[in-house]
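Next come two complexes built around subunit A: one with subunit B, the other with subunit C.
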Partner chain A sequence: MAKGGTQIRKYRLQGAGLDLALPYLMLAPGLLIVLGVLVYPLWDGLRASTKVYRYGSVVADAGMQNYIKLWSDPQFLNSLWVTVKFVALSVTFETILGFALALFCLREFRGIRLLRTILIIPMVITPVVVAIVFRLIYASDAGMLTAISVWMGGGQVQILGSPVKAFIGLVILDVWEWTPLMFLILLAGLQSLPHEPFEAARVDGAGSWRVFADLTFPMMRPVLAIAIVLRTIDAFGTFDQVFVLTRGGPGEATRLVSIYGYDTAFKFQQTGYAAALFVTIGLVVLALAFSAVRLLRRVDAS
Partner chain B sequence: MTHSSRSRLTRRSVLKGGIGLALATTALTAIGLPVPARAAGKKVIIGAFADGGLTPFKQKIIPLAKDAGFDIEFLEDEYGVTLEKWFADAKNSAGQYDLYLLDDPWVPQFGAANVLEDLGAAGVDGGDKDWIGSMIDMGYWPPQKGPRVKGFETTTPTLICVPFVGDLQTLTYRNDVYTSGAPKTWDEVIAKGKEGVAAGKIKYPVVFRGVSGNPIVTSWYPVFLSFGGSFFDDKWNPVFNSAQGKASAEFFVGTMKQNAPSGVVEFDSDQEGAAILGGEAGAIIQYSGNALKADDPTQTKVAGKLDFGVVPKQTSAIAQMGIFIAGIPKSAPNKANSVEFLKWYVSADIQAKLSEAGSIPVKRSAFGIAKPGNRLIPVALQQLDAGALPRPRTPDWAKVEELLGIELNKALQAGSGGGAALDNAAKQVKDYLTTVGYY
Partner chain C sequence: MNSRLARIGVMSAVLAIVLLPIYWLVSTSLKSNREITQEGTLYPHVPTLDNYIRLFTEKQFGAYLTNSLVVTFFSVAIALVAGSMGAYAIARFRLPFAMERKVGLFLLTLRIVPPVVILIPVYLLMLKLGLLNSWLGLIATYTAFNITFCVWMMESFFREIPVDLEEAAMVDGDSRFGAFRRITLPLAAPGLAATAIFAVLVTFNEFLFALALTATPRAMTMPRGTATLIGRIDTDWASMAAAGVIGALPIVFFALLVQRHLVRGLTMGAVK
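What follows is the complex of A and B.
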């Protein structure tokens, strides 16, 4: 061992600086790619958020003005509120449904593999396609819901023209598309739980509810927290479906921050302001994720 | 050892080859050798947004251009993404296009950003009397007439775009409902439309676009103009919430909604097109892209029952203009070809061919040809002579339209409150324009 160490030291001394630098040189291309692809855009976005753009060019330094202006912009505040409502409702329903489905599919019975496969299909469909399909369901003139309603003797079904219904319609779309993700994560979590405590509980005569409340749920808490945090972060960035389905309307009922930010940057050419908006949302999401993780640790510790 | 050497040698050879190729390409480009793909003709890469109004150009004029020695590459995108894509292309000097076929409200944005070539300096004659005056005016930045935004008050107007296809709103109506010709007033549209509904010929007197933002504003605008409204004063103060403006908005969200399909709040051009072409609606104001479908039996159930007319009036019959207008980015890779193509395209001969092909030309002489390819063309000229106005020439129009469109859409949902919606929008527009330095 000692002889080997001496040999390495000797080799290093012989190779001088080049050998010392070799690992770093080998890492350099990867590091450059990471800097270029991940760090630079983030830095550029941050930089842009402190500038005033006019007609596509920087005309002044704004300091923190773009960030301050956001909080007195009624359109931003409205879009933030719509986003918070959308995320809270969607993620809640997706978690409950996903967990229920995961518990159901934990059991082994004939056809379970096929059922599990079918359940994850919505998740693998492109969001834009999902939005088009839901548009064909919701449209008041030629939509499927209207067709069914007319066939049953009713009138046109108005979804996308009503602020409340359009919002609920968007939540339903999101729940349909992303419950499978929660289902998949939670099913994997359930399958990885140890069998012994459950067998012991069964021997002790514990009922299903007691097993769920005292064993399954507490043991699944970390997985649930991770699933909720992941989905929350993802839901904050929802864009494609709204862009295709409602473009934020009617009025501003479904105008998520992503849509408002997109319009601000590309339609209204307010690049700096839009950058500040997205940085702010990024920070909000980051804070949410940290809070969730801290909360989880505190609950586990207690 | 052998394997390792061979492997290193292969990588090295690939690297060598790659570097060699890159250097060779750079060297060839630097010394200006022709690239084989561009050698076939005078290459012109045209960017356009997908719209039925360009169909005659694509079908009839591009083949003529090829005969004239142009190698046209026509790249289409969805309307919603073209502005951002082209603006980024122009600002970053990416050089992906030789010609943008812009929607005319975008001209101020590109003009203010100074990313388009001066076509006047390139030899395009903006003073040719054959131009439709209101169309060529839209190609100048800053505008030759009307108020100018801050920073451009003393700048000499430059021709940065030339009209490409003359598009504007006209009325399409059912000739079995409006039996004595195009309805002249909005009252007539509603009254006779109701008779048509009672007779079972149609389901709704009118149909329009109600979706928030650009669609609803585009539909409301001719009503607004016909009621005598104007948008800004000469200091960029919003005046669209004048008595005339409010009356038009009340009529739009009230009477017009009551006589339109119940889902009109969510209607965009697809749905309004389906309502008129499907035989449900009696009248519609629309741009030529959709109007051109009226005579196509593969597109409509009521071919032969749809006629065209000037937009109805309250005090005047003024339509909104929204022409396709061509600009050459400063970063265009084939700039000289583009200029040559534009000169060829706007010549009286080719404009006459465009008119024969069924598209609305941009030169007056082309309206007078013996056989225009579409019944809409003479009506378009009538509409131009009766009155057609472009949207305000400001780079901030998109934001203004968005603010107004949201408020109008909310009032349309309620079926009332159009006047209050304009007051709200006027305040928001004023606040916004204040923050971006208009006053």
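What follows is the complex of A and C.
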């Protein structure tokens, strides 16, 4: 039956005239746009990363110089360190909170629909607006924290002026915005787990901790891994929220690589150097993604 | 009984954490700047809509919203058409050198690369083509991003639809493309909807490329225009809050309206 189907399909494929060209005709529009607006620029970016620019035009060949310079540039290394800290902290909290929430919501109860509906809001709000919301919370004169503190008899609260607090404030923003996504992915994962092992465990009288440690967690590992990878890749590219919330400051406390790269390109007009920076970041993220995929395959196999 | 109380407690805490910041945004947008900075009230004592009126009369917020709508509509529409055709070709045909699989993987890889990586060359490209600060420049950029996403999503939806249905249509004299258009595409409508919703969300919210590629209200999108507002009038908290509310309102409303599709689209790729 299946074989017959394949044969018919093949026959149709190798039919006459227009049908033969159809797959190419269908692929062409999309591929042309992608080639023109994504792939050509990607190639162009690689080329730009080996040049020295002054005000938008090439003035010299740099070879690999831009790349070499990058690894002895304290500002770049600092931004990379800030990014790694930011991604690690945010994703860790989002995973733990999201997983806890998903476990909590696994059983149907009154109000769960409302909870899910409201949890969608933070992640669909425009990131720029999320940043505005948090500026309105953190601001020392007009902020919510200050207003609450004053109402309770305290003084002004200063968040964005202090390097440590500003960084923590940024992590909190990210956790507020993206924990819901973790929650949704992990809830879907939990709901798709088979029922039998859990029923067997209940018959055996296993406690809820045992069930979690021996059943839920191991079975959820692939979904957890995918969710963490997705979030990590996205968090690496975080730009909008920081641009609006702190612009990278105070000092360099919240200056992620994306912000440093943007400033290098558009504020300091070092186009070639910035291109090299972004190519490097792209490679890092791709390497991360591919090693995660390989890791996942191994988890699946075992 | 106890666990019910705990449940209610956790739920209220979660709702408070999510809603309090939003409450503060809305409440600030209804206060005057004086009330915000000097009185620090917890709710607007003298509610006013002045901030909203000022946005549209003095700050060209209407133009930003129009630009956002136009750019989002065209880039998503074009990406859906081109993307679903491409996805169909990948899902249904066998091409020489297993090209269909390579194209799919290639588009997925492009999807993983952070957009910021091609920011500079796209900027240089649009500069060369004279498309900076234009609808067309933004539409082209967003369309390309959306196509990689549409192909990836739609391919898996097409694979779920049995080939037999198309074959039956072709036996009845329909062409291959006709079968795609009249049989498969309508059957994939829920997938198409989920894909469109996602593309709309991402495109409407996009900021980085709008920041680099636009400079005046002629083409600035809503997030871009909102950010400008912040830079120019540093402590006009009231306008900022109102801009935030208007910037968030359409997309949140849209997302809640299409919630079911949203959750499906979100989790589909991740869990399957």
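Operating definition for what follows: the second predicted complex is superposed on the first by the 264 of 302 C-alpha atoms of A that agree within 3 Å, B and C clash if a C-alpha of one lies under 4 Å from a C-alpha of the other, contacts with A are read in each partner's own complex, and residues count from 1 in each chain.
Here is the rule we use: contacts are C-beta pairs under 8 Å (C-beta built on N, C-alpha and C of every residue); 3 or more make two chains touch, one makes a residue touch a chain.
Everything quoted here is computed from the prediction, not taken from an experiment.
When the two structures are aligned on the shared chain, A:Leu181 is found in touch with subunit C, with no touch to subunit B. Contacts of A:Phe217 after superposition: neither subunit B nor subunit C is touched. Once the two complexes are laid over each other on the shared chain, residue contacts for A:Asp141 go to subunit B and to subunit C alike. Subunit A is touched at more residues by one of its partners, and among subunit B and subunit C that partner is C.
Contact with subunit C, but none with subunit B, is seen for A:Leu101 once the two complexes are overlaid on the shared chain. Of the two partner chains placed by the overlay, only subunit B lies in contact with A:Gly249; subunit C stays clear of it. Within the superposed three-chain model, A:Trp71 lies out of touch with both subunit B and subunit C [touch as defined at top].
Contact with subunit C, but none with subunit B, is seen for A:Ile121 once the two complexes are overlaid on the shared chain. In the overlay built on the shared chain, the residue A:Ser162 is in contact with subunit B alone; subunit C does not reach it.
Residue contacts after overlaying the shared chain place A:Gly30 against subunit C, while subunit B stays out of touching range.
The residues of subunit A shared by its contacts with subunit B and with subunit C are 56, 139, 141-142, 265-266. For subunit A in complex with subunit B, the touching residues are 54-57, 69, 139-142, 155-156, 158, 160-163, 247-252, 263, 265-269.
Note for the complex: subunit B touches subunit A at residues 83-84, 87, 91, 109, 112-115, 210-213, 261-267, 271, 274-275, 395-396, 398-399, 402, 406, 409-410, 413, 435-436. Within the complex formed with subunit C, the residues of subunit A that make contact are 5, 8-10, 12-13, 15, 18-19, 22-24, 26-27, 29-31, 33-34, 36-45, 48, 56, 101, 104, 109, 111, 115-122, 124-129, 132-137, 139, 141-142, 144, 146-148, 150-151, 176, 180-181, 184-185, 187-189, 192, 223, 226-227, 230, 233, 236-237, 239-240, 243-244, 258, 261-262, 265-266, 271, 274-275, 278-279, 281-282, 285-286, 289. The part of subunit C that touches subunit A in the complex is made up of residues 7, 10-11, 14-15, 17-22, 24-25, 28, 36-37, 40-42, 78, 81-83, 85-86, 88-90, 92-95, 100, 103, 107, 109-110, 112-125, 127, 140-141, 143-145, 147-148, 150-151, 163-164, 167, 170, 175-177, 201, 204-205, 207-208, 211-212, 222-223, 226-227, 230, 235, 237, 240-241, 243-244, 247-248, 251-252, 255-256, 259, 262-263, 266-267, 270-271.
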